[in-house]
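Okay, so here's the structure we're looking at.
So that you can tell them apart, the chains are marked A, B, C and D in the order they are listed, and the count of residues begins at 1 in each.
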Amino acid sequence: MQRILNDPDNVVDEMLKGFVKVHSDIVAPTDNPRVIKRAVIPAGKVGVATGGGSGHKPAFIGYIGENLCDAAAVGEICTSPTAAAFLDAFKAADQGKGVACLYGNYSGDNMNVKMAIKMAKKEGLEVKTVVANDDVASAPKDQAEKRRGVAGEVLMWKAGGAKAAAGGSLDEVIAAAQKAIDHTRSVGIGLTPCTLPAVGHPNFEIKPGTMEVGIGHHGEPGIEVCPLESAAKMAERMVNVVLPDYPFVSGDEVVVLVSGLGATPVMELYVLYDEIEKLISGKGIKIHRAYVGNYFTSLEMMGATLTVMKLDDELKKLVDMPCYSMGIKQN
Amino acid sequence: MQRILNDPDNVVDEMLKGFVKVHSDIVAPTDNPRVIKRAVIPAGKVGVATGGGSGHKPAFIGYIGENLCDAAAVGEICTSPTAAAFLDAFKAADQGKGVACLYGNYSGDNMNVKMAIKMAKKEGLEVKTVVANDDVASAPKDQAEKRRGVAGEVLMWKAGGAKAAAGGSLDEVIAAAQKAIDHTRSVGIGLTPCTLPAVGHPNFEIKPGTMEVGIGHHGEPGIEVCPLESAAKMAERMVNVVLPDYPFVSGDEVVVLVSGLGATPVMELYVLYDEIEKLISGKGIKIHRAYVGNYFTSLEMMGATLTVMKLDDELKKLVDMPCYSMGIKQN
Amino acid sequence: MFYNKDGKTVLLRIVKAVQDNKDYLSEVDGLIGDGDHGMNMNKGFTLFADSIAGKDVSFTKGLDELGNLLFSKIGGSMGPIYGTVFMQMAETGEGYDAIGTLELAAMLRSGLLALYDIVEARPGDKTLVDTLAPACDAMDKDAEEKMNLVAALERMKTAAASGWESTKDMEARFGRSSRLGERSRGVYDAGATSCKIILKAMADGILEVAR
Amino acid sequence: MFYNKDGKTVLLRIVKAVQDNKDYLSEVDGLIGDGDHGMNMNKGFTLFADSIAGKDVSFTKGLDELGNLLFSKIGGSMGPIYGTVFMQMAETGEGYDAIGTLELAAMLRSGLLALYDIVEARPGDKTLVDTLAPACDAMDKDAEEKMNLVAALERMKTAAASGWESTKDMEARFGRSSRLGERSRGVYDAGATSCKIILKAMADGILEVAR
């Protein structure tokens, strides 16, 4: 394992120390070492909280910032934060207008958020949730509530964060974030496995010369293992999973987000995007905005995810709103 | 090779197509397919050009943008751009006030820039250069002119770009960029090799369990191969190469840039930075600003580089100036 | 029965069982999960051992502390799952001075019900519920039959073990392994395994201090 | 001597030699460089072959086109190095109708001098200069001695080959391999290798059309 680590058991705490040192203009630590908040949260807005396991940089703390999230609970690598951390993130985000907790559909996160909300309620704090489930490959359409949240979460945070910044009420923020994720579909292709620092060897396998279509952010198996293909073929495969599911059709306006899984050279993400763009535009769908880069990773996994969100007037305004965080800065 | 590619020989052209599609708010293509320029270059400023081989994303085209570079020449993977491309980049950057070409010290780049300047001169275009040589490990101090340019180039572009944006003359821009690189020292540690797409296998080796201290951005051998160490020990090793060379001493104010080489999880860069920060601060050196992330990569190499730049009043102002490019966005 | 105030050794026995089985649990989890179950459990239970070291804690006080620690320091799935079970057991039992078959049955049952509150998994879904539920059923039956604690604990262990055994042929429907569908058959569930180990250690610990 | 206008076959022979040795050149470069020399050279020379296909070009016209292509499409070190050499050879020779020992010597020498203008490498530094310089020296000497072209070309090939041979024991001081210092000894230089191949193909091609 060729990695930059001290004691693997402390990697999350050490990472957080470095993170708050570097980004002190954007974020601040809190009394809970596993909760990071915005350096300055504008008074009177609805709080936007999130949280999840570590190893997905910029997610989750990298999306704390102006017009994005206000606080995040931080878990161990690929492990849900504690309920206590979610609760403290809610408190850190809260400005008296309630808190929208926007997170991904994983059983640990679901349990911990549920418990944290119970506890928050006891303390008189209102928290509502949106659970991202954009990963088309993780369950059939008729079981969409079982689908995992993946890189579509970035667009959910963008929309929800913008709505809150614009003065939306808790219900409006929740509605905007819910709409964002309802309008969003994703799929990933994994090319290499990743290694949890404390484990020291990959805990799943992707045979060289093959690729796993529909892989999850923790290496969850996808829908198909097939021989490694060209960028053009991968793009086709991804587009063919994502577009029909919503379905996105001619005349739609969309946002496209292509994220690397960590170790794929960024140059190759642009090659992939070039192919994806040709396919989507070729279907008469208009790409209003594209994000290409490492937006939601899985340690040092190789591969990429494609996320497409259908815009309406509201979502377009929200996505176009400037924002400023470690993970996404937009004028 | 688990990579996202079509024909490896076309990867640069395809990447560029995707890049200009995604970042059309920042950059624009030119008549030379291997030259990218800013979408809008403010009239009357000194042009800032750069260029280099591909595979180092965000470098080089990722540093075209507001208060940074105006145009870049793009080479094949790890191969200098042509003299023709440098010349066309100069022309694209030129706004009638001359062009500062800020690039890295590699023999191919030196030759091509030299020839491009000759050609530019014939056409009446004045071009001056600064050649980055921040990599301490690439030659002893008494042969500093032989040292390679590495991630310190980012700070050179930042300073030179800011000076040009602030209305500096060609000589002032050159002086600022030269000062920036003269005040800057870097070192890298490589943990895994990288594979050129058209070659298909790593062309150098880093044995698992070892690390190459002083590695170059193309896998150039470093000063020492030693057993893999903890993040704290790596930080110590890097700091001990970089600080004494300038030398940076107690009372100095510095910028610190920690860049991943491509495949190292960003989380680990923060762990490394946390250690570096403790060491540098511990010596009474004040870190005015830190950049941590994938700022100058080598395809899918694992490892990181440390860059330290000593500030004076001018450099501080230049580094603090906002900027907006794919690779660095700063309010 | 045993005295609530004598329960610390029971808890320490549970801790030791988890620590001793750290690698085994990760290995089981590695087959169809992500291989960290032993690490997660060991971390939480070791934290707990440290926190009660040198302190005099009762069985229910300790369970509450353990649950709280898992809950506030471990996260993942295990934090809320075992945290809920242990904290609920403590809440139910905090008034008991002496704990017999009836009391322990009530504590375990309430723990399971509290768990059902937060997870959808039920027996047959290849989770730790498949170990815990039959153990509860056995205890309830023995409580109804007014069986003495020593005998009841032996039967509880057997029920837990055969519940655990049954997970081998099941298809996972919750948690990480559920993504594998059919491919999840043929190996034990990690949580069911740790639950069996914990229940056995608890029973053996109680047997030591039972009167 | 040979007629400048008959030189296209010479150029095609050079192209073929580079193409045939693509893998070999990369292999040599892979030992102490980055393993792309064959690819770089093949790309440039194949582009050139495509660009003159079906066209009637003279030796110097073709050299100019080749140099220009390397220069404007290849980049790296090879673009400017071979680009400079070929363009300068073309410039020196463009007025010649017939090229004999004296003319070819002048063309090669001017190419080498133009190269010296842009690189610091000199004989002994383990670069293609170690092939090109002795070849130039041999041609100059033969020109002085007014030797006929056929004999001069044979001697030039021998000089180039032994210059190439000499790079094996040298330590690289320029280009990528120079980072290896002592470790660069024991293998040929990639550029010196391609230069030997090119000069041999050029000589053999000229011998075919010489009168």
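One rule holds in what follows: a contact is a pair of C-beta atoms (placed from the backbone, for glycine too) under 8 Å apart; a residue touches a chain by one contact, two chains touch by 3 or more.
Chain identities (UniProt): C, D = Dihydroxyacetone kinase, L subunit.
Just so you know, these numbers come straight off a predicted model, no measurement behind them.
A.B. asks: Work out which chains are contact partners of both chain A and chain C.
C.D. replies: Looking at chain C and chain A together, no chain touches each of them.
A.B. asks: Look at all chain centres (mean of CA atoms) and spot the one farthest from the centre of chain A.
C.D. replies: Ranked by distance of C-alpha centres from chain A, the top chain is D.
A.B. asks: Can you check how far apart chain C and chain D are, centre to centre, with Cα atoms defining each centre and the answer in Å?
C.D. replies: Here the centre of chain D sits 78 Å away from the centre of chain C.
A.B. asks: List the centre-to-centre spacing of chain B and chain D in whole Å, with centres computed as mean CA coordinates.
C.D. replies: From the centre of chain B to the centre of chain D is 33 Å.
A.B. asks: Centroid of chain A to centroid of chain D, CA atoms only: how many Å?
C.D. replies: Going by mean C-alpha positions, chain A sits 55 Å from chain D.
A.B. asks: As a quick test, compute the distance in whole Å between the mean CA positions of chain A and chain B.
C.D. replies: 29
A.B. asks: Where does chain D touch two or more other chains at once, residue-wise?
C.D. replies: none
A.B. asks: Could you tell me which residues belong to chain B and also touch two or more other chains?
C.D. replies: In chain B, no residue touches at least two other chains, as defined above.
A.B. asks: Given which chains touch which, is the overall layout a line, a ring, a star, complete, or other?
C.D. replies: If you draw each chain as a dot and join those that touch, you get an open line.
A.B. asks: Where do chains touch, given as pairs?
C.D. replies: Result for touching pairs of chains: A-B, A-C, B-D.
A.B. asks: Report the residues of chain C in contact with chain A in the complex, numbered from low to high.
C.D. replies: Interface residues on the chain C side: 26, 30, 34-36, 39-40, 43, 71-77, 79-81, 83-84, 118-119, 174-176, 179-180, 183.
A.B. asks: Help me check something: in the complex, which residues belonging to chain B touch chain D?
C.D. replies: My answer: residues 9, 53, 75-76, 78-85, 107-108, 111-112, 114-115, 138, 196, 198-199, 203, 216, 218-221.
A.B. asks: In the complex, go through chain B and note every residue touching chain A.
C.D. replies: Contacts found on chain B: 2-6, 11-12, 14-19, 21-22, 25, 54-55, 57-58, 191-192, 206, 208, 211, 228, 230-232, 234, 262-275, 277, 290-294, 297, 299-300, 302-304, 324, 329, 331.
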